[in-house]
Amino acid sequence: MTDTEPADRRRRLSLRTSRMEALSDGIFAIAATLLVLDLAIPKVSSDVSRSLLEQWPTYLAYLVSFATIGNAWLNHSVITEYLERADAILLRLNLVLLFFVSVLPFPTHMLAEYISSENAERVAVTVYGLNLLAIGAFTSLTWHYAISEGLVRRDNKEEEVRAISRKLDPSLVSYAVAIGIGLLWPQVAVVLYLIIALFVIIPFRAVFRLIRRGRTRALTGQD
Amino acid sequence: MTDTEPADRRRRLSLRTSRMEALSDGIFAIAATLLVLDLAIPKVSSDVSRSLLEQWPTYLAYLVSFATIGNAWLNHSVITEYLERADAILLRLNLVLLFFVSVLPFPTHMLAEYISSENAERVAVTVYGLNLLAIGAFTSLTWHYAISEGLVRRDNKEEEVRAISRKLDPSLVSYAVAIGIGLLWPQVAVVLYLIIALFVIIPFRAVFRLIRRGRTRALTGQD
Amino acid sequence: MTDTEPADRRRRLSLRTSRMEALSDGIFAIAATLLVLDLAIPKVSSDVSRSLLEQWPTYLAYLVSFATIGNAWLNHSVITEYLERADAILLRLNLVLLFFVSVLPFPTHMLAEYISSENAERVAVTVYGLNLLAIGAFTSLTWHYAISEGLVRRDNKEEEVRAISRKLDPSLVSYAVAIGIGLLWPQVAVVLYLIIALFVIIPFRAVFRLIRRGRTRALTGQD
Amino acid sequence: MTDTEPADRRRRLSLRTSRMEALSDGIFAIAATLLVLDLAIPKVSSDVSRSLLEQWPTYLAYLVSFATIGNAWLNHSVITEYLERADAILLRLNLVLLFFVSVLPFPTHMLAEYISSENAERVAVTVYGLNLLAIGAFTSLTWHYAISEGLVRRDNKEEEVRAISRKLDPSLVSYAVAIGIGLLWPQVAVVLYLIIALFVIIPFRAVFRLIRRGRTRALTGQD
């Protein structure tokens, strides 16, 4: 992968990636599912539907966080697909990434709570954005470390490896921009996070492709 | 599997299904287990048994949700058994499915809370039913997408693949019917969900088969 | 394994056991870890140590439940070690087992709350015991079903399979006896559960063996 | 590995390590993620940032515990990398280790709550330290047991096995020293735990190596 491969590589510990994948999947799964504990049930009243609808900031925060965790998991699973072995430092970089994933329910809760109060909102949106940025940054750092240390499989195509780098790095820029915007107009930043979230989690292409395929099949009579 | 296989398939990312299975198992397991946090302990009183029995709507909601998650997991594990590889879109469809699985504790809590109050009950039963329907719909969508994109193993028998499709799709109809009934008679819909749940989770056939086998053995003296 | 193997076996769905193992490990892990949420922190006071010690029923319930889940997991992992394939009914029996594992935090909480109040204590100890019995019963049922349906690997030694059966079934009797005792003397039943728990979780043999080995090594100067 | 291998080894149950790894990863992941539930959201006020900053003991406790669990997981994954098979006693030693991992959120919560009150602080720091010590001790015990029973793979290099022993055992001494210091100066012990935590979780070497590599590449124009 690189001819600057360190001389000390053979002395370093070489580990399977299965444990790292299992811990990561566990933490991604739990962080995503714990978010539901923040969805409070309104008290029984004459108009429960309205009370439920008034909780929209909570649903919004839940949706954005779930989609962000899902997105981080997608990137993570693509990265580990290319890994051959892990070393002790890669595992730690991964642990820092998992730290920021597991802490996400906290700023999510904050966002849901503070979204309608002027000053607190700005704090919440900024902390939330920094958390999303940290998740992106350590995903990217883990990937670049794996490449530079020759931990990716040698049969990977050079162009595919570059494609992943090209995909991971720009998202950092967009998060940084959204954080900057959020300092001035907090609610715009939330909308930006929502757009990114919806763009990521809804598989538009899949839906379109299925519809197209379905039509083709209806016309040709295939199953 | 299908001769409408897309020309662009080779250019798309092809991934192992192990990570997708691990995240899914994690979220199924956590969503199923978090439900227990809703089972509140009545305060110590002269008649604790009665206070416990009066909580029956909570137990009912817990049981129906656990059985539904269990059922969704059964279908999911059958589907992944037939998968050879995943692509980025399949992973996202799966993430949307997992979203609806992980959010289920929320309408479950709502159902348990609102079941005895007239107006709120209708809202809770409908939201709950829509969640069950969404789980079924995205399970089915994931499966049909996998078939149409040629992601299932080629050595699968055509008839087995059709059998799974035949099994997944009708459940969508029954959920839709139950939601409709729930708009008029909410408690009937809950009973319907319970019947589906019990039908799914209690392995009647296993019990009968074991009893029959046990008798045969008692007669023939085998172990 | 058995010559009463059903004629319809080839028509039934045959599944890998890996998904079943993953879901089970997830639910065992979560149920065991959620128990910690019941350990409340006493308010800051002049004598915090004493307030902490007065919470002993909570610790006791936590310890017994953790050990019971650990024990159930041990049995479960031995069983799946012998399995070759799963069928749809085995997966459901396993789901019922997981249901009783995931619900255990509820009677555990109840036990911790009610242990010092006379009447409630009896209810809590009985419900708790029934839950332990159900976990044992469905572990045993899953195993016997797997044997009778020929789902265990053919290269397993007959005597090992019998040894597992001999180990699983008596524990059902001891739980049933403890439940009966608990109806008369609830606190005795808790002590019995504690004894079973300590007996299971503390690896006495390992400690003794290590000490013995350590001595041998000290004498012979080996590493 | 050792010529004191017991004569009764062949009669003991020999198990795959995959289930043990899966349960462990699950419990490590959940314990690490449940910690986030303790991070409370301050009420909306004129100065939310300040209220958030005043919660520093909670963040500190969260960080130390996450890093400790991460560290325990790193050691655990190195150990299982060397394991060939597990026996029933190793699984139980591992369960005791997992017990102390899963209980860690309790003293973490205590530490966060009591850190500013004089007497309670000492109790919290000591209980917390004992929990960290127990995690270290059972990690070490599991490893030594595996070596002494010949459960590690035979193709492992003797020197690597010794290196792991040399790494695991001293941390026990440092935890014991920190607990002793904590009895006199509780806050110093917390700082010590923080130093250990930061030392473990931040991959200083990785950052430096990446920077150095980046410079080399910038100079030589490689990718």
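We just call them A, B, C and D in the order they show up, numbering each chain from 1.
Assume a residue touches a chain if its C-beta (ideal position, glycine included) is under 8 Å from a C-beta of that chain, and two chains touch if they have at least 3 such contacts.
All values derive from a computational prediction rather than experimental measurement.
Interface residue usage between chain C and chain D, two copies of one sequence, is largely distinct: under half of the residue numbers at the contact are used by both copies. Chain A maps onto chain D through a rotation of 90°, based on Cα atoms and reported in steps of 5.
In terms of their C-alpha centroids, the spacing between chain B and chain C amounts to 25 Å. The distance from the centre of chain B to the centre of chain D, with each centre set as the mean of the Cα atoms, comes to 36 Å. Within chain B, residues 22, 26, 29-30, 34, 37 each touch two or more of the remaining chains.
On the chain A side of its complex with chain B, the touching residues are 21-22, 25-26, 28-30, 32-37, 39, 41, 44-49, 52, 62, 66, 70, 73-74, 77-78, 80-81, 200-203, 205-206, 209-210, 213, 216-217, 220, 222-223. Considering their complex, residues 2-4, 6, 13, 15-16, 18-20, 22-23, 26-27, 29-31, 34, 37, 88-93, 95-96, 98-99, 102-103, 105-106, 109-110, 113-114, 117, 119-120, 123-124, 127, 141, 144-145, 148-149, 162 of chain D touch chain C.
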